[in-house]
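Below are two complexes that have subunit A in common, paired first with subunit B and then with subunit C.
== the complex of A and B ==
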């Protein structure tokens, strides 16, 4: 299935900003992170289609997943 | 201390004024000043503070405080600490110890130790957009298509490439250093790093996706002494009224120049989004108590809507920064799209913020103290050892409540009622994409925020 993966802030370094990638159907957020070689503890906020999600969340074809390190501002 | 009359300073913008002050008093000074907007007593007028490079680039932006200074006919306060000693703590040993724990806490928290120093507050742009809460085109849409051109990641890269700085502090005491220096195409100083709120207000909210134009507007606002949030929101209202097209950066820049000059149109715009909307008959004025909303849509982040509605100064994000818990998962997590837990969240944050603000600490320390109890304790120990007090965490909460109560009493005496603790009507009736949500918190619930 095709998943749009977006990375932000320091997670982009040595990787990419946004790519459409192919994953086996039923893949979870956690499996996608491990394929990207991103340690789980480096990610504090996960969005799937603009809503907060967690590591066990299962993805469906054409989902957008966004990963953020801990960030703040205002 | 000397008080002097100097009519030669009349209608000088901030940058020219500070150059003149440096010529007279040398460059070891710090200044507090108003630009032309403050002199004209506009309600979007700010008070400028010089940074470490003696540039008037830090502002008490919100609430129209520049107009108050202007009404007292105070143009500039010049400070020179030559020959002055540092104040010493009541208990130097304890102070040193508490300070070490406090500084370590700020350095080790990933937000205050990594994210803010590397990218500044504009790091928020992408995440708020991803959450569908980034107001574009005068709060018409919750995401902006030009986002990657104005994000904190893009901005930091551009600053470094042009020989500016992406990690910089307002003052010598800051260990977070979320600021920066923004140079123009030729590598010359243009302005300090525009903040998240400014990039949004002059950017997405006006349909503009060009960082150089946004930085130019940041400079003009600082120079005339204007609140960047209010001005961006005002120009968006003016665009909705048809005075300029959404996305037209040149027209937006010209509108700010009108304000600086004080033309009749400029005086309308300089009095903010509420006044401008009234004058031009625009219904969608994103204001509470006459003050424009900042860079988070209250429909897609319900918690911040509670703060906008009930904060004593009008729509303000800092008074109870629900974004931390609704979006950033700092200090726990409350779902931004649901109503549950938002009243309590906003109330607790407003109480804590009133207390932190009265210490004089930069509010960004809150990210570390909300997550790390030992850093919060170190803050209390710092106050106690410096002033010889014995405050506890409970006392700090009481202090926050007392401050809010005093502010509410002031508002009540000035004629504010529960009806002013509301969002504009259209936030309850017009939904915002991509989540297609309206503001759901009921009036009776809003009336419970200050009831503890």
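== the complex of A and C ==
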């Protein structure tokens, strides 16, 4: 299935900002992060089609998933 | 009081009152410059320092800012700029909370840090700076960390609290205190080229949503550090949010988060409701 993956802030480093990528049917957010080599603790906000989601969320063809890292400095 | 009014009116240029007149009035009438400033604004006169505010902020709104109380939690990269901007804006009372002293690695970004301030309390240096800029601002420096225990006492009566902290856990504690006290909280965070801002009203849960997955962990600032310009950008947006909340104007970053990427010059607003 085709999933649009959007990466924000430092998650883009060495990767991309937005790409349509192929994943096995039924893939979860957690599996997508693993394929992208992004540790789960480097992601604080997950959106699927503009709605808040969590790691176990299953994706469907043509979904858009977006990841933001935790930013906590001052 | 009539004598004071007459004095101020006769020394005003149009409706503007120079600082020297405020100082003279305070001496003559045995009052503080702060009391004089309130009287000036109540009369519809404007201290000259706010002359460039007036096309955007009316004299009445300037009085509202003067009567406002804002707490800035954290006095480092973000806090230094926020305190500077709020004092220049004319916020009447500012509470500053930070347990730390300035150290050498603060010098790359923290506007209040300097060679001569190394080893000195951040809140004490901030108080001195505010007094130099705008002596009528009442500053309450608190050299302590804000916790859920002492938070209620420190933030009681504030109109807005501003998050200028450097820890996710401390931010979540601040959020809980603000929610309990019914205080709006303006959140900001920075890391390397990146930053974010959001505004939480007491009935909202934005900070929990932002940090739900990393309550006890660090942000990416532990990998990317903090640069000189990112705190200035994020702090200024936080100050603008404070100003709008106090004046009940414009649209806030409520139920949403502004994500700022200065490396790609991309600013996006995402809905978090």
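To be clear about the criterion, the second predicted complex is superposed on the first by the 70 of 74 C-alpha atoms of A that agree within 3 Å, B and C clash if a C-alpha of one lies under 4 Å from a C-alpha of the other, contacts with A are read in each partner's own complex, and residues count from 1 in each chain.
Here is the rule we use: contacts are C-beta pairs under 8 Å (C-beta built on N, C-alpha and C of every residue); 3 or more make two chains touch, one makes a residue touch a chain.
This one's a predicted model, so the numbers in the text were calculated from it and none came from an experiment.
Asks: In the overlay, answer first, second, both or neither for which of subunit B and subunit C A:8 touches.
Replies: In the superposed model, A:8 contacts both subunit B and subunit C.
Asks: Counting only touches as set out at the top, which of subunit B and subunit C does A:17 meet: first, second, both, neither?
Replies: In the superposed model, A:17 contacts both subunit B and subunit C.
Asks: With both complexes overlaid on chain A, does A:74 touch subunit B (first), subunit C (second), both or neither?
Replies: Both partners.
Asks: May I ask you to decide whether A:43 touches subunit B, subunit C, both, or neither, giving the answer as first, second, both or neither?
Replies: After superposing on A, A:43 lies in contact with subunit C but is clear of subunit B.
Asks: After superposition on the shared chain, which partner residues are touched by A:52: those of subunit B (first), subunit C (second), both, or neither?
Replies: both
Asks: By residue count, is subunit A touched more by subunit B or by subunit C?
Replies: Touching more residues of subunit A than the other partner does is C.
Asks: For subunit A, give the residues common to its interface with subunit B and its interface with subunit C.
Replies: Dual-contact residues (subunit A): 8-10, 12, 17, 44-45, 47, 50, 52, 66, 68-74.
Asks: Flag every residue of subunit A that touches subunit C in the complex, lowest number first.
Replies: Touch residues, subunit A against subunit C: 8-10, 12, 17, 40-47, 50, 52, 54-55, 66, 68-74.
Asks: For subunit C, which residues count as touching subunit A in their complex?
Replies: Residue positions touching the partner: 74, 76-79, 163-168, 171, 188-196, 209-214, 217-221, 223-226, 231, 257, 259, 261, 264, 268, 270-272.
Asks: Can you tell me which positions in subunit A touch subunit B when the two form their complex?
Replies: Within the complex, subunit A contacts subunit B at residues 6, 8-10, 12, 17, 44-45, 47, 50-52, 66, 68-74.
Asks: Which positions of subunit B touch subunit A when the two form their complex?
Replies: Those residues of subunit B that touch subunit A are 109-112, 114-116, 118-124, 126-127, 130-132, 148, 152-153, 178, 196-197, 317-318, 321, 323-324, 327-330, 333, 335-337, 363-364, 367, 434-435.
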